[in-house]
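Next up, some structures in structure tokens.
First subunit A sits with subunit B, and in the next complex the same chain sits with subunit C.
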Partner chain A sequence: MTIRRVGGKLGSLVLTLVLASALVFFSRFLVPGDPVNFLLRGRKPSPEAKAAVVEQFGLDLPPWEQYFRWIGGMFHGDFGRSLQFRDAVTTVIGDRLPVTAGLVIMSAVIIVVVGVIAGTIAALYRGRFADRAILTVLTAFGAIPPFVGSIVLIAVFAVQLRWFPAFGSGDGFLDTIYHLTLPSIAMAIAFMVLIGKVTRMSMVEQLSREHVHVATSRGLGRLTVIRRHVFRNALGPIFTVGGMLIAGLLVATSIVESAFGIAGVGSLLVQSVNRLDFPVVQAIVLLVVTSFVVTNAIVDLLEPIIDPRAAAGEAGR
Partner chain B sequence: MSRPTPTLAIKVLRSSRRRRVNASWMISIIVLAAITLAAIFAPLVAPYDPDHIDFTAIYANPGWAHWLGADALGRDTLSRMIYGARTALLAPLVVVIASTFLGVVLGLVAGWRGGWLDAVIGRLLDVLLAFPALLIAIMAVALFGKGLVAPVIAMSIAYAPFVARLTRSLVASERARPYVAAYRVQGFAGGWIALRRVLPNVAPTVGAQSTLNFGYVLAELAGLSFLGLGVQAPTADWGAMINESQAGIVGGYFLPAIIPAVAVVIVVVAVNVIGEEVSDRIGGGTPT
Partner chain C sequence: MTLLEISGLTLDLPGGERLLHGIDLSVNEGETVALVGESGSGKSLTAQSILGLLPARSVVTGTVLVDGHNVPTMSSKELLGLRRSTAAMVFQDPRAGINPMRTIGDHLTEALRLGEGWSAGRARERAIEMLAAVQMPRPEEHLRQYPHELSGGMLQRVMIAGALVGSPRLLVCDEPTTALDVTTQAQILQVLIEQRQARSMGMLFITHDLNLAASLCERVYVMRDGRVEEEGSARQIFRHPATAYTRRLVAATPTIEITGDEPRASTELVRQPVLQVRDLAKTYPGRGRESVRALANVTLEIAAGEALGIVGESGSGKSTLARMIVGLELPDFGKVIIDDQERHGRPRRRADRLDRARKVQMVFQDPYLSLDPRMTAGEAVEDALRLHHPELRRPDICSRALTLLDNVGLASTQAEALPRTLSGGQRQRVAIARALAIEPSLLVMDEATSALDVSVQAQVLEVISEIRRERGLTLLFISHDLAVVRTVCERSVVMREGEVVESATTADLLTNPQHEYTRLLIDSVPRAAAIA
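Then we have the complex of A and B:
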């Protein structure tokens, strides 16, 4: 049963990835005209440069063969060559990946910690002032897109109060964390509401369950009941929503990194669009989509481990 | 032939009599209406030409001459905000209408016909959902160049799956209801029942969902212009204004960037309040 389930999910994952990569690759064919001219827009290519691009993309081959070359290359870590840097796309992206990963992780931690704590408090004080206040604040935060968060944080905490730097990503571990504090908050603000609301909903549902009343009537302390009987059961939905947030976070890096002048993958995407470097754009788009789809597949597969009832429920169906 | 469920208008009216007057709802409607009217009648309302450069007013503070101050080139911020509201509101409106149309068509076909068509459409939607909307928009700019046309088309496609999934699940459950069988027995064609009887029943819930999408689309398109990939610099647009004024922040000139940023948040909040209220009133909430 479980093996069939895992196999099915993996099959679906692979199919989605193949279709998504085809979409990313063949999008180029939507642009009318000679692909060489499209790829070398805004440049004055020498005949050799043109020949090199034809060779690199296999433009003289039929489209599906070009696609397999592209996909095949990726399995060897070869995403082609960047047009703006005289370097391999893999190197260009690889150099900027650690900062972006750090940014995404920091902001994910902020989102989960604040969201879960706020949601838990709201659930415990359901219907009372604290609950309404938390929901209102979270909802208001949810309406603050990352670029707004960025400029407000820069204005207040970097320029006015001078607590944090407004630019760059710093060197060394602690300095990097210091530099990434404002950017990761700017990114986190809009996403906390989802985790907060799901936590609250899930906890409220669990709090009214019989086993919780039983645990309470057995004389267990309130904190123990919440930790062992409410929170553990409420984790599943929180985890699922967390996986779905990854897509938004990954794209938000392009905005936040541009606002804070951080040389990461997100700002590289914007820069590559500006400098008409399509191979890099294609690679980053595929990277984002793949990380999103894979993360969600992992969340999906881990769910029965976190919440055995999910597995039991599925087997019963 | 009477409709099995009351129309959207009746539901909204009925429930408004039951409820107490909701202050945040009223404020949201007034704010949105005011911004929309100002955008439509921009030439009459705006105190200055939005592109008029005045070197005596560089970074002017808010006052009688410039109610919201002026930017790095001495252009009047209020006038630019009013003109900027045009692209800020119109572009998401187009996206919402186009994505709703596209999503409803896909969802209706998938939910009504079922079978392999449902499976194929479902797979297509799954693949599209793997692409965050802003990413598709950025990709579209990379392919077709800067401006709003490519991103608006891209976002319309990116948001269609959300509408399609909702429509599909509503239509699928509606199809099993007795009134559909009754029409079938009377010999009505399947397409007629789907379009004339089922669609009106699912429309309110789908419409409420689409309204909520408006806020996200507006924020994302403004973000795109903020990145310099959407509306281009000299044009008055909220996102582009923030992009242009970002350099001034480091120099301590916050207002030209903060005002459009706050406007984006206000509109998003207002749209969300209205969207949630409407979906509350028509009841049911969103399945799935």
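Then we have the complex of A and C:
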């Protein structure tokens, strides 16, 4: 059954990717502007030179054939060539991916840790001061767009206090973490409210369950009851929302990386859109879609581990 | 020796509302005491006060002495000790009361391991011992199972085992059998009685069912509106109730004893059948599992003006049958004939739907769910009238709705009320008025009084019998409760696992049951008569 379930997930993953790739690829034909002009840097090209470039990048083929060439290329790890860097897309993205992955992971960790702790405290003190304070602060933070957060953090912690660098991504593991601290906080601020509120809601619901009452009546301490019967049972929705965060975070990197001058995938996306570097844009968008679908598939597959009833439901009820 | 001594217990909510007004109650070692009352009487709160489980920030005065120690003044550490080894509680709904994400073994051993610091092996042995004590068939295997793999009755045994692992001296049972079928209830009560005797525990048994209290307990406390109304031996409470309230409660409690006041089958020889059900069958395909046979070859008939009872436990197919008669579900085989017209397929067109609705109306179990929360009682009835009588004018509709509400005992002022401001019994009467507005040939009531308190149930049943006398209503009355069916229906059928096992006049069924399952059902009903 589990194999069937994983198989089904993979099938829908492939379908999603095919649809997304087609959408991404053909949308470029709707965008005004001719990549050839960019390739030739605004020079007045001779028709021969222009034809050579068109030929080199396969821009003269009909759209659907270009699409299949692109898809076919992907199967041998060839995502095309970047128009602006004149290098393989895989190389261009691959160079920048580690720092972006680090940024996303760091801010995801901050979001989950802060959100879950804040949401749990809010749930346990529901209706009291701590609850209202946490909700107010989280909601206010949620209204801060990442670019504003970035500017404020740079102004306070980099320029005024000089605790953190304002620019670049650093070398080596610890230095990278040091450099990414402010950017990941800037991204995390806006998203914490989501996890915080879901945690609070889910915990409040579980707190009112009768089995929590029963566990208390058996003489278990409050912390034990909360850990074993409330928190554990509240995990499902937290996982689900957490999985959906990943795509949002990847997109948010484009703003934060630009603000902090980090050479990552996000800033690359902004740059490539500006320069009509379609192969790179397409590859990045596909990367975002893939990571979103894959994280959600993982979350779905984890569900039966959290909730044994889900495992039974899948066996057929 | 006195194990539990509650005196002058009052409880105020943080808002200032007083829920308990000075409760006095005691339980001796080895004694079984019943606490009886309708919803809102404060019986569950009283029970919770014994384990210090009261709502947060509620204000308590008076004393609750458990084994000589006063619970309201205990530190939280002393409370944990009390709950672990002195007093334990069995709750109403085992499905809700056991964490669905943890194994049975975890449920049984966690208090011992995490509270008392027992080793995993020792706790496991104790859990196996307790599961065997409550007669679970395969204790070792059950430890690894999850709650959804067990039936409700099995889970209630697990809940009892969980309460007993700490060897409590006082066991508080809060409606432990209310969510269970009557035959399962009999088994669970047996387990409770055995364990109480084996451990000479004191037991406080909370129930809304006077018959159950009387059949099980030596002494009975009757509670009402946060006060103890009356206290005495079970026999005394039942035979010679001292207060008017208890008298009413005893009178309202239906029994299965034949008293002669039950409705009689009509002597008219031939009457037109309103409903004929022929060989109805339905199987729900189980994806990956065994399929479930909900109905198999059910055949029955109701004559005009007759009331037919359908009795069965959960899973007997009685609700599926009702839904098919109303047209909410389609049979695999068989026919439903109403007023000589065969009904097949789901009514598709508007005219078909209206026609079907005019023939059959249904009153559902839960009046909290079956009324639109944004429609007043009057509007709910008017809505049905407008749909089925487009020729009526507005003032006529209004006055008809008021008449209908009056028929079910609701005043015209209550027509303006939204469902949430009405009590459960009043809501159910609105649902009945709405069904009657259409003047159906057949009224189907599916456990329509099961969620109500006995005194309210008695009122609703009285409304029904009045309407039957006045209008000759034809009724299909579905219930798990033989005693209620006795007071309503001339004829009854007993269903089990989708089949009709016996069909007879209700009086014959109760006095001279032919099928062994019918006998089992009757024997499982708790009887106050046993104490006479």
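The criterion applied here is as follows: the second predicted complex is superposed on the first by the 267 of 317 C-alpha atoms of A that agree within 3 Å, B and C clash if a C-alpha of one lies under 4 Å from a C-alpha of the other, contacts with A are read in each partner's own complex, and residues count from 1 in each chain.
Rule of thumb we're sticking to: contacts are C-beta pairs under 8 Å (C-beta built on N, C-alpha and C of every residue); 3 or more make two chains touch, one makes a residue touch a chain.
Since we're looking at a predicted model, the values are computed, not measured.
Undergrad: Are subunit B and subunit C a fit on subunit A, or do they clash, once the structures share the same frame?
TA: Overlaying the two structures gives subunit B and subunit C room side by side.
Undergrad: Measure off the angle at the C-alpha centre of subunit A toward the C-alpha centres of subunit B and subunit C in the combined model, and quote it in steps of 10°.
TA: The angle comes out at 80 degrees.
Undergrad: Could you look at A:Asp307 and tell me whether it touches subunit B, subunit C, both or neither (first, second, both, neither)?
TA: The second partner, subunit C, only.
Undergrad: Touching A:Ala143 in the superposition: subunit B (first), subunit C (second), both, neither?
TA: first
Undergrad: Taking the superposition on A as described, I'd like to know which of subunit B and subunit C A:Asn233 touches: first, second, both or neither.
TA: second
Undergrad: Applying the document's definition of touch, where does A:Ile298 land relative to subunit B and subunit C: first, second, both, or neither?
TA: neither
Undergrad: If you count the residues of subunit A that each partner touches, which comes out higher, subunit B or subunit C?
TA: B
Undergrad: Considering only touches as defined above, state whether A:His213 meets subunit B (first), subunit C (second), both or neither.
TA: second
Undergrad: Is A:Thr224 contacted by the first partner subunit B, the second partner subunit C, both or neither?
TA: second
Undergrad: Between subunit B and subunit C, once the two complexes are placed on the common chain, what is the minimum CA to CA distance in Å?
TA: Minimum C-alpha separation, subunit B to subunit C: 5 Å.
Undergrad: So in the complex, which bits of subunit B are touching subunit A?
TA: 123, 126-127, 130-132, 134-135, 138-139, 141-144, 215, 219-220, 222-223, 226-229, 239, 242, 246, 249-250, 252, 254, 257-258, 261-262, 264-265, 268-269, 272
Undergrad: For subunit A, which residues are in contact with subunit C within the complex?
TA: 1, 209-211, 213-222, 224, 228-229, 232-233, 306-309, 312, 315-317
Undergrad: Across the complex, what residues on subunit C touch subunit A?
TA: 51, 53, 76, 80-85, 88-89, 91, 93, 96-102, 110-111, 114-115, 146, 148-149, 159, 162-163, 166, 286-289
Undergrad: Show which residues of subunit A lie in contact with subunit B when the two form their complex.
TA: Residue positions touching the partner: 12, 15-16, 19-20, 23-24, 27-28, 30-31, 139-140, 143-148, 151-152, 154-155, 159-160, 166, 247-248, 250-252, 254-255, 258-259, 269-270, 272-274, 276, 278, 281, 285, 288-289, 292-293.
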